[in-house]
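In the two complexes below, chain A is the common chain; its partner is chain B in one and chain C in the other.
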Partner chain A sequence: MTYLAKPRLHHPTLAKNRVGYTRRDYEGKISTLCAGCGHDSISAAIIQACWELDIEPHRVAKLSGIGCSSKTPDYFLGNSHGFNTVHGRMPSVLTGANLANRELIYLGVSGDGDSASIGLGQFAHVLRRGVNMTYIVENNGVYGLTKGQFSATADKGSKSKRGLANNDTPIDLASLALVMGATYIGRSFSGDKAQLVPLIRGAMAHPGAAVIDVVSPCIAFNNHSGSTKSYDYVREHNEAVNRLDFFPQREEITTEYGEGEVIDVRQHDGSILRLRKLHAEYDPGDRVRAMAYVQEHAARGEVVTGLLYVDNEACDLHQQINTVDQALNALSAAELCPGSAVLEKINASLR
Partner chain B sequence: MQKIEAVNDFVIKFANINGSGSASANELVARAILRMGVPVSPRNIFPSNIQGLPTWFEVRVTERGYLGRRGGVDMMVAMNAQTWDQDVREIETGGYLFYDSSRPLPRSRSRDDIHVIGMPLTELCNNTYSDPRQRQLFKNILYVGALAHLLDIDASEIEKLFGQQFKGKEKLLDSNIQALNVGRDYARENLKPIGLKVERRDKVGDHIFVDGNTAAALGCVYGGAMVCAWYPITPSSSVAEAFIRYTQKLRADPETGKQRCAVVQAEDELASIGMVIGAGWNGARAFTATSGPGISLMSEFIGLAFFAEIPAVLINVQRGGPSTGMPTRTQQSDILACAYASHGDTRHVLLFPEDPYECFEMSAQALDLAERLQTPVFVMSDLDIGMNQRLCRPFAWDDSAEYDRGKVMTRDALDAGADFGRYLDVDGDGIPYRTYPGTHPTRGGYFTRGTTKNAYAGYSEAGPDYVENMQRLLRKFETAKSLVPLPVLTAARYPARFAVIFYGSTSPAMHEALDALAEDGIYLNALRVRAFPFQNEIADFVASHSKVFVFEQNMDGQLTTLLINEAGVEPHSLVTVVHYDGTPITARFITHEIADRVAHLNVHPLKEDRVA
Partner chain C sequence: MRPTDISVPDYFHKVVDCQWACPAHTPVPEYIRLIAAGRYSEAYMVNWVSNVFPGILGRTCDRPCEPACRRGRVEDETPDGHGERKAPVAICRLKRVAADYKEDIRHLLPLPAAQKNGRRIACVGAGPASLTVARDLAPLGYEVVIYDGDALAGGMMRTQIPKFRLPEEVIDEETGYVLDLGVELRGGQYVSSLKNLLGEGYDAIFVGSGAPRGHDLDIPGRKEAAKSIHLGIDWLASVAFGHTTSIGKRVIVLGGGNTAMDCCRSSRRLGGEDVKVIVRSGFEQMKASPWEKEDAMHEGIPILNNLVPKAFTHIGGRLTGATFEKVRVEFDENGRRSLVPTGEPDAHFDCDEVLVAVGQDNSFPWIERDMGIEFDKWGLPKVDETTMQSTVPNVFFGGDAAFGPKNIIWAVAHGHQAAVSIDRMLNGEDLNERPAPQTALVSQKMGIHQWMYDNAISGDRRLRVPLRDLNAALKNIKIEVELGFDPQLAFKEAQRCLNCDVQTVFAPKLCIECDACMDICPMDSISFTVNGDEDDLRQRLSAPALDKSQDLYVSDSLKTGRVMVKDEDVCLHCGLCAERCPTGAWDMQKFLFETTYAGPGCRNAGAAPPLPEPPSPPSSEQKPKARRKPRPAPAPDQQTA
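Right after this comes the complex of A and B.
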């Protein structure tokens, strides 16, 4: 992180979108995450996507749980209301917020500990209900804020920074989202902005439960050989491993690759993340096929990214429970209270 | 042999098997008596079971309008072989045992000091009906018919009730009336008269007969609840179910038929309170209904709502505790769990309804208080009030009253340049202004956190910011004292040095006990506490008596603890009297406990001008 305040004045030539905002109007406070953290790349992608989508920033409500990822909503959309809720329970708070006012855009930001460990239940149920939202999981396979414990998405056999092997079967959030009935499911990599920004844009425009599982390397605690969600930091920065609190400034990780290829993304620290683009003929409208495809490739050690599934006829919770079109929080007393005459009839029926 | 003789003042208990259709038959007896202008107070004592386990229904017929549980049974309708011995034991000397005599009863399993009334219900049913389900169901109606004859219950009232129940189902109506008549005819021809009678009176007035959960749900409808999120748990589930039932009619948009509220059955209590908090944060009035175990699960979120200052209403229909608790038994055992719910330094507003009328009133009021104070508010009902139909004042609503939506800063105010600090105490009452998400493009947005913040909602781990915020929350809690319902004083006829404090469902039994004690020359001032935080009136009340008995339906004397902690009362002046076996407290218990203690305390001569 930096301690230098961002200049508040914007350059007059900055491009404005159709609602009159520059890209910088979508920024938030300066990140307090580690330099080079994948999560900051995701924040940048969210900023880019919202700007490109011409969304008025204050029309977005951003909610998160607890953890490094859940701190990030403070670092984008600074004029939006945000809510740092409790660990693993952001989905229920987001559901309630959405029920209160269906006219806003809801963005849930969570991590793998928040969504796959403590919050697995709420993650599953918010998708079942079809809450209209964009749910981004910033997935690094590790607990950062408590310094390096495995999360439930860590691969079996992968090693912690202290050398312990993870014995538990990993939870694949994209596969789970497919089972639980999410109607827009994407997976991406924090370093691949070209892929991520369009995925976020699609999710925000989707009228139902949209999930994006974003693999987002933790350079502080999951950045060693033997980890499947990290870059081989040890080889290049041996000292850093022994000095846990020191993190050298790094550049963001970016990748570019074409359609239908398996790509080994070689990072500046020499580690490799294997990514596979979807086949050109891949049908993201087939939920069952998508499940098989994701699992087949996972068995080969490959991470399938892109838009995995979308239901073009998605319907959301409000439609399912048949609420009125206007925001519930704007209903007047006259619309809510049946009045004393009706109450007298109710009294009469109870005699 | 002695024979209990009573007109409009007795207790009948029905011992049945769960799932046998007895509940509606027994309720019929209660309602028919009510229609004769005589108050009744029924109580369901039921197991955590759907079919097969014992269940009881107790009807207190009470011309004087005492709606608490009296204690003791004058007539037992023993329809369950499993509980026979226990049921027979419970009958008062000179009382009556009504049973199905289709199979002979060994003398050893009866008593000599009670009147035994046998009626071959199974035999009569088998002779009249061939369908097994009908044989079962109509057995209940048969005994209703017999009781109508024995107790002089006007059969035309029962027929009218059938008429309402089976409107449009004439076949069912006819067969029920037939069963009723078979029972009446048999009783008239074969059974000896008994000493318990119902006589027509006009003592019910305009009172309504309703359970507290239905009342609380209706209070939420009238109080403007927009979102209800809940998870099924006995004894609170019927709050949400009644809310759904009422809103389907009362909140349907007349043009589109769409709902002006949202109800979600969550996956657990963590999610239900999370949804309520999300909705409250976003400017909707929201509530959940739960019971003790649900409160335990919600505790982390309750703390967040307290610190993040988010309105939320929790209707806690208390049941036996601790742990998963006695799900079908009543207690007042969540007082401390709710008053201090969550980690960190938290205090929450509690309301204590005494009956369905107050369940309605306080649920609606809780929605106002939650938004005014921007904090969770608990309506502390219990199973006794929540799941039993109780006679109470008719619900009332003032159409000119407006909802108190609290301090919400609007777009216009922000445009006018108002200084918006989410946690800034601008009025000195500890209550800050809030904005709803989406209010203004460039002003009024903020990031909501628990405690790590300054008055302008900026991230701050600075100690002074934390302390300042906590001190403001204390001021806010002080403000709450002026907003929550005041305690209700029932003054003794003569100056009294002893007093009682009670709350919630203890109320009807307490008022009856106070009358009984006064008849014996024991006079006590009584204060019914209706809310936490405690107003100064409560401390003053305690200070003006030498001993104050605090009656509670929990083991630990939780309200007593809270009074000592929070009301500044002298601990030595409080004497806690507890009743916590899961059955509702009775007037007999209270009378006995007070009379005993007062006798003990009065060993020393009293001052001339004072009576105990």
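Right after this comes the complex of A and C.
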């Protein structure tokens, strides 16, 4: 089986963004995932978001663990930095990279196995530390690479392709992120780019730990009638609490809005998250009520999507530990080792 | 929009831009694949069935297919926006490759009819239109007699196209294939009365006598210097027959069409050293094909524009040159062109001889005006554009004789249609009812990511046909200047073809709306969206569908209530949508479209006998398994395989 490279030819109207790239310039290698995999749609959404944000590809570091989802960074942003880490250990490598060079934009890509099973501890800690990153979980509820066993996010009672029911309680990564202190939490569906692309844009501009749990159907093992992560099930049970539009700082807001209440969330960098409420009572600024809301709906079998929580006062790890503004990897020997006189002074102050 | 009905033959036919643009609807991608596979004889036969003169057309066709070629819409611009990036596949010259490298194909041609059917058809003129009628009708048992004032068959292909573009052997070979079908050529018998011809008891008469009269220029000095001023097409004929073998050193060719280009290039080969073309219009508005202008300029012939001939100058009847008024081209709001004098002093160019190639006309002095054939005010016969029938039911016209000067491929198309009309008429059927084309849609899938066609998209630029060294080429008017592609170049050029006949066929019932096809499509041709009217839809697709001459393929409503909309405009037919489709909702299916030719298949009464299996499509990887459905028989009565 050969995978034909996507031809370089493109539509005559294909536009360039402010930094001179077309959307095609943000692509990577051809995907070798199964045809119809939701992960490929998420890759396409990341490509679209990065193009719209005018991000220079060399300013992005994409990190992943192991699994179908963790293969995907090969399929987008072919000119960015990449690190395919050990299974479930992407958060620590990302944390380290972020500490060494705070000037890159960090994009962690993981799956339900990588984040909710082997890497659950790492997932929790990277969020409570507030590492500035966008953490995308491509969540399909099965172990696709090992032929479709239930993963830790599979819903209780949902059925495997062979009809076996799952007895274990699912881990809801969005709820866990709410508990662990992430400051930007979204949930979306790979089949709804209109929702997903603005969520990714908002997350990449968010100055703190941003998590997006994306339900991404596994065509090969989890797209049947007993599944709760199939295209049909998610479309039928999708409860979007809001619609997000993201406006970078420099953009004038010209979009007209129809019915429904609109709230603007201004982030540190001046960018604006404009939310059109679809559920009138839902407040994405209230972490505690968000937890209850998500859980209540989950109990009814509904998948709550949209921007679930955002803290517009978010701060990140570097602020918390008060590092210098400059990237640590750019500090010179003189700054890192200021000499014995300074050491003496410090020692003296601690006596 | 309403869902697209892909069972209408024209829908997918239109997607094959080259075939749609070709008057004879030759299945271009089909023969290009065969050329890439080195199956030249089969490629030749695909052409021969459709256009009768592959070797001739492969050198001389006006190539309406090439401006239509999708490749010219999808290639990148060069970084500076100029250059030759957006170029069609060299379809015409690939056709020549099939003719040059084929084996002896005579055993593949139809046999002369074993039994005549008792019907007699006369064709006037032995050019491409008449020969096509003869080829279509003779194997069916019709007795076809072709009359021509010249001894040999070929018409303008032999008399007006210079031999350095079209060698005599090629004409002999391809007119020979037609005459060998039992067609009688009465060469040297100029028909001087249609009435008399009808009186000889023919069941139908086809007039393919061309547009044999060159326009003259009635300006001062024309009569006095007549000995050095020649009408282009007459002069070319005289060169073709070897009556004219030299020309003066300084030659002016008047006119901007392809005949003018042939005149100037012939002059260069017969002793003309200072040859120039002088044209009334601007360079862009010239009627000559761009490549013919290019070829002339390559041979050191300047083209001077915006000069209107005013007078020939002479001394006592000896031509000394011509004077021209300088003009500029202006267009009014209706786009009508006018030539406005600039007021500058007239220009004079010295010369020894002038060739006048400013257009040609039909001429029917041999058709009696009282026998019922009506003519319009331009002197053209009134001819039905579909049936080619004149106002006398059993007299048909085709080629340049029908609607004025066109080209060879149009003459062939007319010939096919006239043959269908004659066949239906003589079988007592209404000839206004036309036979449907033969179509077939066959899946190309062999396995996962394996197709019966080469779906990788070549990034090569259009290749140039190698030319003979200019000095050698100019020495002899019979030496062919183009060398043609060799098999390696032909393969490379053939691989640029996008296989537009391999259609993207969508089955809405299978679609799960996973977006995979939309995400992978390199040209952003696929969208899933709520339906709307066409103008609205065109604006809100993945990429705007700006070319309204290219259709939108709209599906039935899908599960989410949306529809799939595909803009056919710039689709590469790379099949990635089908490769990435998890449910087989997309499939790549080869659409074969063949015009129905004269014979039982074109008649209501006659069912077509099945044909042997056509040549299997080339595959670089492995032979296709026997998964193909047999396609319906194409052209009945023509043993193509």
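Quick notes on this one:
Note that the second predicted complex is superposed on the first by the 279 of 351 C-alpha atoms of A that agree within 3 Å, B and C clash if a C-alpha of one lies under 4 Å from a C-alpha of the other, contacts with A are read in each partner's own complex, and residues count from 1 in each chain.
Heads up, the rule we're going with is that contacts are C-beta pairs under 8 Å (C-beta built on N, C-alpha and C of every residue); 3 or more make two chains touch, one makes a residue touch a chain.
Nothing here was measured: the structure is a model prediction, and the numbers come from that model.
Greater residue coverage of chain A by touch, when chain B is weighed against chain C, goes to B. Of the two partner chains placed around the shared chain by superposition, chain B is the only one that A:Ala100 touches, whereas chain C remains out of contact.
In the superposition on chain A, A:Asn17 makes contact with neither chain B nor chain C. Using the contact criterion defined above for the overlaid structures, shared-chain residue A:Gln149 touches neither chain B nor chain C, since it reaches no partner.
In the superposition on chain A, A:Gly339 contacts chain B only, with no contact to chain C. Of the two partner chains, chain B is the only one that A:Asp325 touches; chain C does not reach it.
Residue contacts after overlaying the shared chain place A:Ala61 against chain B, while chain C stays out of touching range. The residues of chain A shared by its contacts with chain B and with chain C come to none at all. Of all the residues in chain A, the ones that touch chain B in their complex are 29, 56-59, 61, 63, 73-74, 78-86, 89, 91-101, 103-104, 121-122, 125, 129, 317-318, 321-325, 328-329, 331, 333, 335-340, 342-344, 346-347, 350-351.
Residues 73-76, 447-450, 455-457, 459, 512-516, 518-520, 522-525, 543-544, 546, 559-560, 570, 572, 574-576, 579-583 of chain C are the ones touching chain A in the complex.
Of all residues in chain B, only 204, 206-210, 218, 221-222, 224, 226-227, 229, 250-251, 253, 256-264, 266-268, 270-284, 286, 300-301, 304, 308, 394-399, 402-403, 435-442, 445-450, 459 touch chain A in the complex they form. Per the touch definition, chain A reaches chain C in the complex via residues 1-4, 6-14, 24, 31, 34-38, 40-41, 43-44, 190-191, 193, 217, 219, 223, 231-232, 235.
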